[in-house]
Amino acid sequence: MGACMEAMSGFFNRPKNTNVRISLPAVCFVWQIVMIILFGVFMRYDKESDAHWLVTKKEENITSDIENDFYYRYPSFQDVHVMIFVGFGFLMTFLRKYSFSAVGFNFLIAAFGIQWALLMQGWFQSLDYTDGKIKIGVENMINADFCVASCLIAYGAVLGKVSPVQLMVMTLFGVTLYAVEEYIISNLLHARDAGGSMIIHTFGAYYGLTISRILYRPNLNQSKHLQGSVYHSDVFAMVGTLFLWMFWPSFNSATSAHGDGQHRAALNTYLTLTASVLTTVAISSLTQKKGKLDMVHIQNSTLAGGVAVGTAAEFMLMPYGCLIVGFFCGIISTLGYIYITPFLESKLHIQDTCGIHNLHAMPGFIGGVVGAITAAAATESVYSAEGLANTFNFNGAFANRPPTIQGGYQAAGLAVALAFGLVGGTVVGFILKLPIWGDPADENCFDDEVYWEVPEDEESIPPVMGYNHHMANKYTEQSDSNFTVEQSSN
Amino acid sequence: MGACMEAMSGFFNRPKNTNVRISLPAVCFVWQIVMIILFGVFMRYDKESDAHWLVTKKEENITSDIENDFYYRYPSFQDVHVMIFVGFGFLMTFLRKYSFSAVGFNFLIAAFGIQWALLMQGWFQSLDYTDGKIKIGVENMINADFCVASCLIAYGAVLGKVSPVQLMVMTLFGVTLYAVEEYIISNLLHARDAGGSMIIHTFGAYYGLTISRILYRPNLNQSKHLQGSVYHSDVFAMVGTLFLWMFWPSFNSATSAHGDGQHRAALNTYLTLTASVLTTVAISSLTQKKGKLDMVHIQNSTLAGGVAVGTAAEFMLMPYGCLIVGFFCGIISTLGYIYITPFLESKLHIQDTCGIHNLHAMPGFIGGVVGAITAAAATESVYSAEGLANTFNFNGAFANRPPTIQGGYQAAGLAVALAFGLVGGTVVGFILKLPIWGDPADENCFDDEVYWEVPEDEESIPPVMGYNHHMANKYTEQSDSNFTVEQSSN
Amino acid sequence: MGACMEAMSGFFNRPKNTNVRISLPAVCFVWQIVMIILFGVFMRYDKESDAHWLVTKKEENITSDIENDFYYRYPSFQDVHVMIFVGFGFLMTFLRKYSFSAVGFNFLIAAFGIQWALLMQGWFQSLDYTDGKIKIGVENMINADFCVASCLIAYGAVLGKVSPVQLMVMTLFGVTLYAVEEYIISNLLHARDAGGSMIIHTFGAYYGLTISRILYRPNLNQSKHLQGSVYHSDVFAMVGTLFLWMFWPSFNSATSAHGDGQHRAALNTYLTLTASVLTTVAISSLTQKKGKLDMVHIQNSTLAGGVAVGTAAEFMLMPYGCLIVGFFCGIISTLGYIYITPFLESKLHIQDTCGIHNLHAMPGFIGGVVGAITAAAATESVYSAEGLANTFNFNGAFANRPPTIQGGYQAAGLAVALAFGLVGGTVVGFILKLPIWGDPADENCFDDEVYWEVPEDEESIPPVMGYNHHMANKYTEQSDSNFTVEQSSN
């Protein structure tokens, strides 16, 4: 048994091989082919994207093409789409030498995750029992984007420490878990979660944090010199921050009820986010020497309000209620970066590269609580009877559910999201710990060179011989300089 | 009295203290709390964002949710939102070491300004006299974004020379002044200003220029080495330019009348902007040695047409009229950068960091004039009777106003905007001159280091000891190089 | 005759003069003035952007302003607009010292091309024969953007090797050719091409490639040191890639039929693009040493699916059909970068800077073929009778065309696009070869300095004398370093 232990230990501690030339293409090809087959068997257009729409219009007495759900939701979808690919992608470019991986792997796993999410969510939500097919349209596109958002959040915790193959595996399981918890929370518990404080953020964040805990690297300081930012990488990250911040109202309103639902969700989110900016700046300045601002806080904590208002965005939270939520979440998130992230790393061994605990976990949890309280406090006088039924979708089997009970189910939903994150993350974490996925050694973390052809820096490029131009001289000087100095210093 | 003068002079000339660790958090917290209270007292949802929408639909016989103003205006709002945060923010990143402040302070003051604008504009425009509450929806979101645009324009004049606390004060007063002049111009004079050539650009630019005049720094050349751009900061600025340029049609059409009003305003702006690009390039090339283009012109003057067509965008300006406006504004704006900006600085002591006189003041003024002329020349044959009333909103007390009179009121509106900018800027300028706001010394202007934790440059980061990897060597060489050379040159 | 040959040879081989101080402003001014005159004579608002809209509404019994085409198409237009200016512009910023030209010239020729496209396309498509005027609205804006897209694709082939004046000439002819081939393909052949696989991509790519062949530079390796990327220029290029990728669903659906047409085109494009990402990553990793990814592939081949689904996007391609198209195009495009681009350069003397053969030519051609097959295979059972007529616009003279015949006309359309590209490119290539356009010498290719005032690098800026601040020291050290080393190495 000691030999077995030793063998296992050897298995887990053998030198890292980051060559993914077989595994990455294999995973991409096999999974893409599986997607094609499953799409062939299951996936069809829904009645609004099918060419039979003209027939549907007649049958359902729809007078105008503008009533096609496309026109209600497509602008919001495009904003969400930008958040997924530019928002999340660029937010993670802040590391000095990991921008290719931040944007590139974000791109890869989102593109894969969307396909798998369309299937998984389709089976749970959009299955047409008459023919056994999944029928998709613009709302499925939004929901698939939502689903991969949870995996991109999880990516933030392990940024720089995993291989693209690990990310693909993490996304496969993440999407699967998401579809199940979404079904339990939305359909079985009938909890509302317009912007996904629970379903997206709480689940995604704890999923990522748990995985990061299990993949704990005690010697990660060997790549410490790459864990910071440089000037321009921080500016790139602001591209991500701002597109997330600006389009968050679309995110939280994208799947809300037509009319006042979408309108109010966008307005509430817009208000909440403005308050987060002010308190983030305040705390950042207050806690630094000389009152200087820290870019990490501005890039992240300004967004906390958007996360925290996710569940309640479509409720009658009232404008001042939004500001209050934004006010506290900006404070809590910024304090999290200053005090909790170091604590998590040193005491709990959770290495959280992007600080998703501060941006998604805590605000997501708060969002679930705010949603439960606001739901429980809903009254007919504030909503009107029709408005209450419409906002909480009290119809069918849930027609007689009172708001107070709804509040309880909201809280239950939050617990489900949390449990899925923690348990799912534990299982997936151990799968990812298998030494077959090509993850980098500690000293190669946060370094694009491991998985990317990185262009040589200017100074190391030899000029063309005999080439006589002042620009060329600049390069020559530079490389001569390095060369000469090296000589003299050896 | 001499002693008093001396004391005052000492008060104004004492060494600069840029530590904002108390003042910035204090301003953010206090103002945010005040906002929460005022929002609690005054701010409610309007009938289109309230859960009573279903009741409203019945009462007003609205057949479809798509008639909710959200679907008419939200896509335009999101484009405007991008202009405010990414457009203005990134346009100002061109300075070599001031990108954090450009994007970050733009973010801060816009987020604060939006809240205050919702209140100020709400009291003037959206107050429900039956219950004393302000009722808000998507149009208020657009108008709040418009309002802060004027303050962000003003920021362009003082970029690099003021503290974040000064910017907050400038925004507080700027929004207040804006709400009053907007009320006078739009409601009392009943002048039309769809894209805000007068209300936003003329006011904002002269407000900022006047403040910059009063804060004149005779020794600003002490930070001259930071006043230029570097290669990548110019590319970042183009992100700002392009998002402003592309979305300007949405800006000018966002609050126009449903139907042809929005349609025509977008089309007119689109056309005008294309012409500005060509004449900007022409003048830039013509006035430089060897015909080389100057990035400053491309980043700014290409946008002048959008400013200048702001007032007349919803009028029947005709496609060729748009091209003419764009043609001349591209020329005037570029010539402004070449001849007027240096003149303003040397003769009038107006230091205009971003050249807002060329991008906003002159084109805004031209826009007001074009608007007045086009309004005065409007006829029923061109507009149709219904179209004329609809475009100029000739109803209620203004039902019988003839277009020629309207032209006069348009001109009066321009004068009001100008007066508010000049007088307001003077007052606020003297307030900002008080030596309590933490503004930087002349030699620290245009430097992020004063207010931000700036990441160290690559070469100055010590590699981890004993760390044996080719990447690390790169850093080592670089720092060795500097070290050795320093040694030898001393 | 020998003397004549010699004279001609001397004429073509005289030393390059890249001074465009006369030619560039002249072209811009003259063409802009011509545009104003032609717009004055021909261009008017259509019934949906004209102030007579209220009259039209009554006449045509339109019940709501939301039926104005503006609300169906403007969000898509804005996405397309972003693709044209930010997407194409930033995609080309990957070169280390050519970002100004990439974004700036893209901006210039798009702004010019849009005006000329409105006229050319207007004469062919939107001429009102009752008054001889072109009537424009939002759909014309989209079509003009589409038209210039073809010229921007062509720019990709010659990037870095031509002057802005040549680009203007290339755009003038490109737009003209486009309007003619579009008329032949869309109106005469009545082929469908929603996203322009044939009309935009096939034409644009072969137009650019043919021009690049004729402008072949045997000694282009003299500027080889500028043909690569640097780290941050690759990240900037990803801004372009992602905005193209995200908004491609809007591109392919922008002019489709209201309702299911737009809905399905967006959905199909969304699906296709996800598959391209996975196979691009797979092939990129598989073909590099150690399985490392190449940024060139990620920046370009991930988009190939969007090009290839352009024609068939509005058809009933089925979700799995989309994934298959994306699957193969990602593979083909990436293999193109690895094997075909070097072959084209060495054997066929086609220097294709951005690899448009892999991103636009091959996928565009495939898209035309996929469109022809899918059209020929269309049946009433899949589309419904109304849906078939609506999707293929089988009305008027084409009311009885069967799908199989439609497939033949689709193939004919592809041949027309190809022919226009090859023949047009040949003619325009020889025009551009005239030595009067200010193109750069071989050793100055890919260098912004030829046409732009480029900011000096940090190290070469002299610090202000006596200026005593730690920031200044940094600059000083740096320049001292260079200075000292130069001394010692000479």
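Read from first to last, the chains carry the letters A, B and C; within each, the first residue is number 1.
The working rule: a contact is a pair of C-beta atoms (placed from the backbone, for glycine too) under 8 Å apart; a residue touches a chain by one contact, two chains touch by 3 or more.
What you are looking at is a predicted structure, and each value in this text was computed from that prediction instead of being measured.
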{"item": "Between subunit A and its twin subunit B, rotation from the CA superposition, multiple of 5 degrees", "value": "120"}
{"item": "Interface composition of copies subunit B and subunit C: same or different, split at half", "value": "different"}
{"item": "Whole-Å gap separating subunit B and subunit C, where each centre is the average of the chain's CA atoms", "value": "31"}
{"item": "Residues of subunit B touching at least two other chains", "value": "64, 66, 71, 75, 97, 232, 239, 457, 481, 485"}
{"item": "List of subunit B residues in touch with subunit A within their complex", "value": "18-22, 24-25, 28-29, 31-33, 35-37, 39-40, 43-45, 48-55, 57, 64-66, 68-71, 74-75, 78, 81-82, 85-86, 89-90, 93, 97, 99-100, 103-104, 107-108, 111-112, 114-115, 118, 136-138, 141, 164, 232, 236, 239, 450-458, 461-464, 467, 469, 471-472, 474-475, 477-478, 480-481, 484-485"}
{"item": "Touching residues on subunit C, where the partner in the complex is subunit A", "value": "64, 66-67, 71-72, 75, 79, 96-97, 221-222, 224-226, 228-232, 234-235, 238-239, 242-243, 245-247, 249-250, 258-260, 262-264, 266-267, 270-271, 273-275, 277-279, 281-283, 285-286, 288, 290-295, 298, 302, 316, 318-320, 323-324, 327, 382-384, 386-388, 390-391, 443-444, 447, 449, 457, 481-482, 485-486, 488-489"}
